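These are the structures in question, set out in turn.
Below are two complexes that have subunit A in common, paired first with subunit B and then with subunit C.
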Partner chain A sequence: MLKKYKPFLRAGAIDTMAYRFNILIWAVITVCQVACLVFLWLAVYRSSAGGMDAEIHGFTYREMIAYVVLTTIFNFVTFNNDTLWNINTDIKKGTIGNYLIKPISYRGKFAATSFGSLLTMTLMFGVPLYTAALVTLGCLGFLPDLTFPAFFAHLALFLLAGLCASLLNDTIAYIFGVLCFYTSSGWGLNSLKETLVAFLSGTLLPLAFFPAGLREAVSWMPFAGMSQNPVLILMMKYDLAQSLRCLALSAAWIVLLELFAKLLFTRAVRKVTVQGG
Partner chain B sequence: MRYVHLYFTCIKRSMISRLEYKKDTMIALFSFFFSNLCSLAALYFILQSIPALAGYSLPEVGFFYGFSMLPIALDHLFSDEFWLVAYRRVKDGDMDMHFLRPVPVIFQVFAETFQPEGFGELILGVALIAVCASSLTVKVTLGAIAVLCIGAVFGAVIITSLKVSMAALAFIFKRSGPLLQIIYNFSNYAKYPLAIYPAFIRAMLIFLLPFGLFISLPVDTLLYGTHDPWLLCLAIIICAAVFFALAVRIWTLCERRYESTGS
Partner chain C sequence: MIEVNELSKVFRKPIRGTGVSGMVKTLFSRKYEEIRAVDKISFTVPDGQIVGYIGANGAGKSTTIKMMCGILTPTSGSILIDGVEPYRRRQQVAQHIGVVFGQKTQLWWDIPLIESFKVLKEIYQVSDADYKERMDFLGEVLDITRFLSQPVRTLSLGERMRADLAASMLHNPRILFLDEPTIGMDVLVKEKIRQAIHALNRTYGTTVVLTTHDMNDIEDLCSRIILLEKGKILYDGPLTSLKNRFGNIKTLTLTVPADIRAETAPVLSPDVALSEEDGRLILRFDADKTALEQVIQYAFRDLKAMDMKIAEISIGDVVKTILEQQEAEHAEKI
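And now, the complex of A and B:
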């Protein structure tokens, strides 16, 4: 049943490989960017009432730096899909027709491609980057002391959380992509999606900094599971029970969003306007 | 003169084709406001947990942020097409038509899009500046006003030049979007006072990717009179001229490497 999606999985992996030089540049310059963010947070802690040793919203400056570094790597490895743009192109160029007549699910095709990309990114960049970051941060004392069985449990949960995050991201990109059926163009929808995800997933700053009401509301949304929660699981800021709760929430959201996406697609596909071929 | 006429003709056509996607334009406009609101909210949340950021009060940091939006908005109005070139158009071999016309390719890319979203950002920036300035007490001099205006306008030229240079690399690497994205993202760091960075980052933001030169230094000059405004004006203008000349040169060198895709 799943076999027919294998070419797409391969294509996603190969596509990511083909642009590895691009990805390398990206990685190098990201380091500069992270450095700048680290300096911003250092200035924040230096300027805080309690000085450098202060704990702001449950984060020491060491934890905050570890958080910034790990979120950056996480987003780089996990969010590498062009689902929205590809749907947009399929609509604009009319190639969507090719998929509608083939015996594969349009959604399945994207899920497989993104999964292929996730695999390549994780093996090619994730493993070395996470290892380097964890060892460096650990040696600098920016992470809590590791006890090994516990760490491996967290690592396993983190990998699962990463898979969930990638799926969530792909589903949300797909939903926004399908909305292009109505707007006929993806530019605005894409920037809306990116902003929404960056802000609510804790990439801009940990959700702990949000005012109480907003924080509570956002913690029930799927976004925290896309960036903040996986990273906090890896940093062992969440205990096992909390981590499992996050995973359950993400899993529930994946099911809900997939159902919604399916519904949306069946409705939207009736609206399909092919603008030339 | 011919080019001015040509530019407006192309822009008119681009606006018409944009109106084809009315809903998307509305969403883009909304998401623009939303994105800026999110960044502002993030900054506000952070500043709420500390008394002041490296000695700068909340309205001062807000003023910085508002001013940083002006050159970014101006650049956004005119050069948005370069994002597409960097991310997709070269990779898809979609640039062929430009090479067949008797007008420089770089001009055609500029004339391809006019992005009205920039106005939203401009308005938001001015509004933020006005709100924050009302709770500041600074002695406004003619020089300070001049350096802010020069910083906004020529800063936009510098941003556009960086964008053009990075987009041009797509002719060699097929896809330079991520590179452009990250260079462009450095503009985020000029949204805060340079004082929060160590010396080498400050130097980088002034000499290498000079967002600090046309954002932070002019604002510092207004708030604290740290620099001679007229000298700073001159520096910004020279920098913009150099960056623009370099960008055009890089573009011309790179576009020769363009190869169309077979399909």
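And now, the complex of A and C:
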């Protein structure tokens, strides 16, 4: 049954490769952003009460810089996703009909494409970037001493968490995309989704910095699993038990969101009015 | 088999004001206008039939086709494709139908045609042996082999349409929906497309539902036609009975001497209508009421005809007459 989706997986992988120059430009921009963030955090720690030795919300300045660098790489590799825009285009141009008359699930098509894209991004950019970052950060002493068997366990869990994060991101993008059936405009929905995810996933700020009530609430939401948790697993800030709990939470959210997406699509598709004819 | 029962589709369209003030008003109060695109139609298409689905622009043809292939959900009524409702069990039905929308391509624009076919092969899970057999068949009847390696965007309209048709037939669908497959095609391409549809129907017993504005398509292909107007079925039956709906109408076009004019010429009977066109006389009559022989004699003897052409009424004329009558009735009501 899954074999039907192979062409979409391939297309996702190949398209990502085709846009490698775009991605390179994007990479340069990202490096600049990381530099800004690093200097920002250095300034924060320098001016804090405890100075450079301070530990703010459980993060030393070394850990914070490692966190910033790794989160940026993680987002860059994992969230390469055009699902929302493609759904928006399908609805606007009426090309959604082309998929509705084929024996495939619309959701499955996007999941396969995103997975293909994730594979390419991980192999082409993930492997070299993570290796470079881990080695550099390790040599500078910004990471805890990597004891090897334990590190490999964490690495394996990190890869799984990355897969979950990519799926979560794609499902959320899909849900927002399907909402375009009602709004007929993807722009606003995309901004909403991006802001929500950036804020609640810990990309802007680790969730530890949030006020206690909000932190507790957000820790039960799917967003932390999309950025913060995978990185903290890799940095070994989480022990194995905590890492597994995070994975379980993400898995549960994936199931829930996929069910919701299915329900939403079934309702929304009744609203389809294909242009022309 | 396709069973359509009391099918309706109502579109709700917001009424928008014109100009800036109208736009602002629409933001706050939305009024909707209901458009009944399809209005309680019922029909059944048995396996292996080729049905022509005709009607003016906006009669509801495409809407019906889109409901039959699962893109649109009916407002009320039901459709069964081999016993399954396409809008409820979309994927299941999609495996057994093929669809072509003449106005839009379903092929992937930037990749070579053959790659599109390979993708479709995987989506429909066509076995290697079947794929080869189908490609041979389609390559021959649609003549697509020549441009298989070109990206779709570089194909001419005729080539693209043939490619689209081939794509819709690749998985050997039991039912083929063709929405204006000959739109914008030249005569040769039209001919090729008709031949392909015939070949497919003969070889595989495929049921075909096609909409078209080209009455030659209908006369060439369809044993049955369904005529739709303003969402309702005006006529459903064999082509021949539609033609005979106004009797066995024949027209005689005569070349006559200059002094014979329609207004002054002797009249045979009130059943034989006389008119003039480009200096020729046109006689229109029902051959079941007035014998053809009698009219021909009259033409030579009384009208001094030097040359003549006998023609049966064309299906296009019949449809035109019916639609004009409808329009006139509609205008009267208002």
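Here, the second predicted complex is superposed on the first by the 274 of 277 C-alpha atoms of A that agree within 3 Å, B and C clash if a C-alpha of one lies under 4 Å from a C-alpha of the other, contacts with A are read in each partner's own complex, and residues count from 1 in each chain.
Convention: contacts are C-beta pairs under 8 Å (C-beta built on N, C-alpha and C of every residue); 3 or more make two chains touch, one makes a residue touch a chain.
Since the structure is predicted, the reported quantities are computational estimates derived from the model, not experimental observations.
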| query | What is the contact status of A:Ser219 with respect to subunit B (first) and subunit C (second): first, second, both, or neither? | reply | neither
| query | Between subunit B (first) and subunit C (second), which, if any, makes contact with A:Thr95: first, second, both or neither? | reply | second
| message | Contact-wise, after the overlay, does A:Ser184 reach subunit B, subunit C, both or neither (first, second, both, neither)? | response | first
| field | First, second, both or neither for A:Leu40, with subunit B first and subunit C second | value | first
| message | Once chain A of both complexes is superposed, is A:Thr60 in touch with subunit B (first), subunit C (second), both, or neither? | response | neither
| said: Is A:Lys3 touching anything from subunit B or subunit C once the two structures are fitted on A? First, second, both or neither. | reply: second
| remark: subunit A contact check, subunit B vs subunit C, more residues touched by chain B
| field | Residues of subunit B that touch subunit A when the two form their complex | value | 20-21, 23-32, 34-35, 38-39, 41-42, 45-46, 49-55, 88, 173-176, 178-179, 182-183, 185-186, 189, 192, 195-198, 201
| said: For the complex, give me every residue of subunit A touching subunit B. | reply: 19, 21-23, 25-26, 29-30, 32-33, 35-36, 39-40, 42-44, 46-49, 56-57, 85, 182-189, 191-192, 194-196, 198-199, 204-205, 209-211
| task | Sort out for me which residues of subunit A touch subunit C in the complex. | result | 3-4, 6-7, 94-98, 100-105, 269-270, 272-274, 276-277
| said: So in the complex, the part of subunit C that touches subunit A is made up of which residues? | reply: 11, 61-63, 66, 69-73, 87, 90-92, 94-95, 97, 99, 101, 103-104, 106, 118-119, 122-125, 179
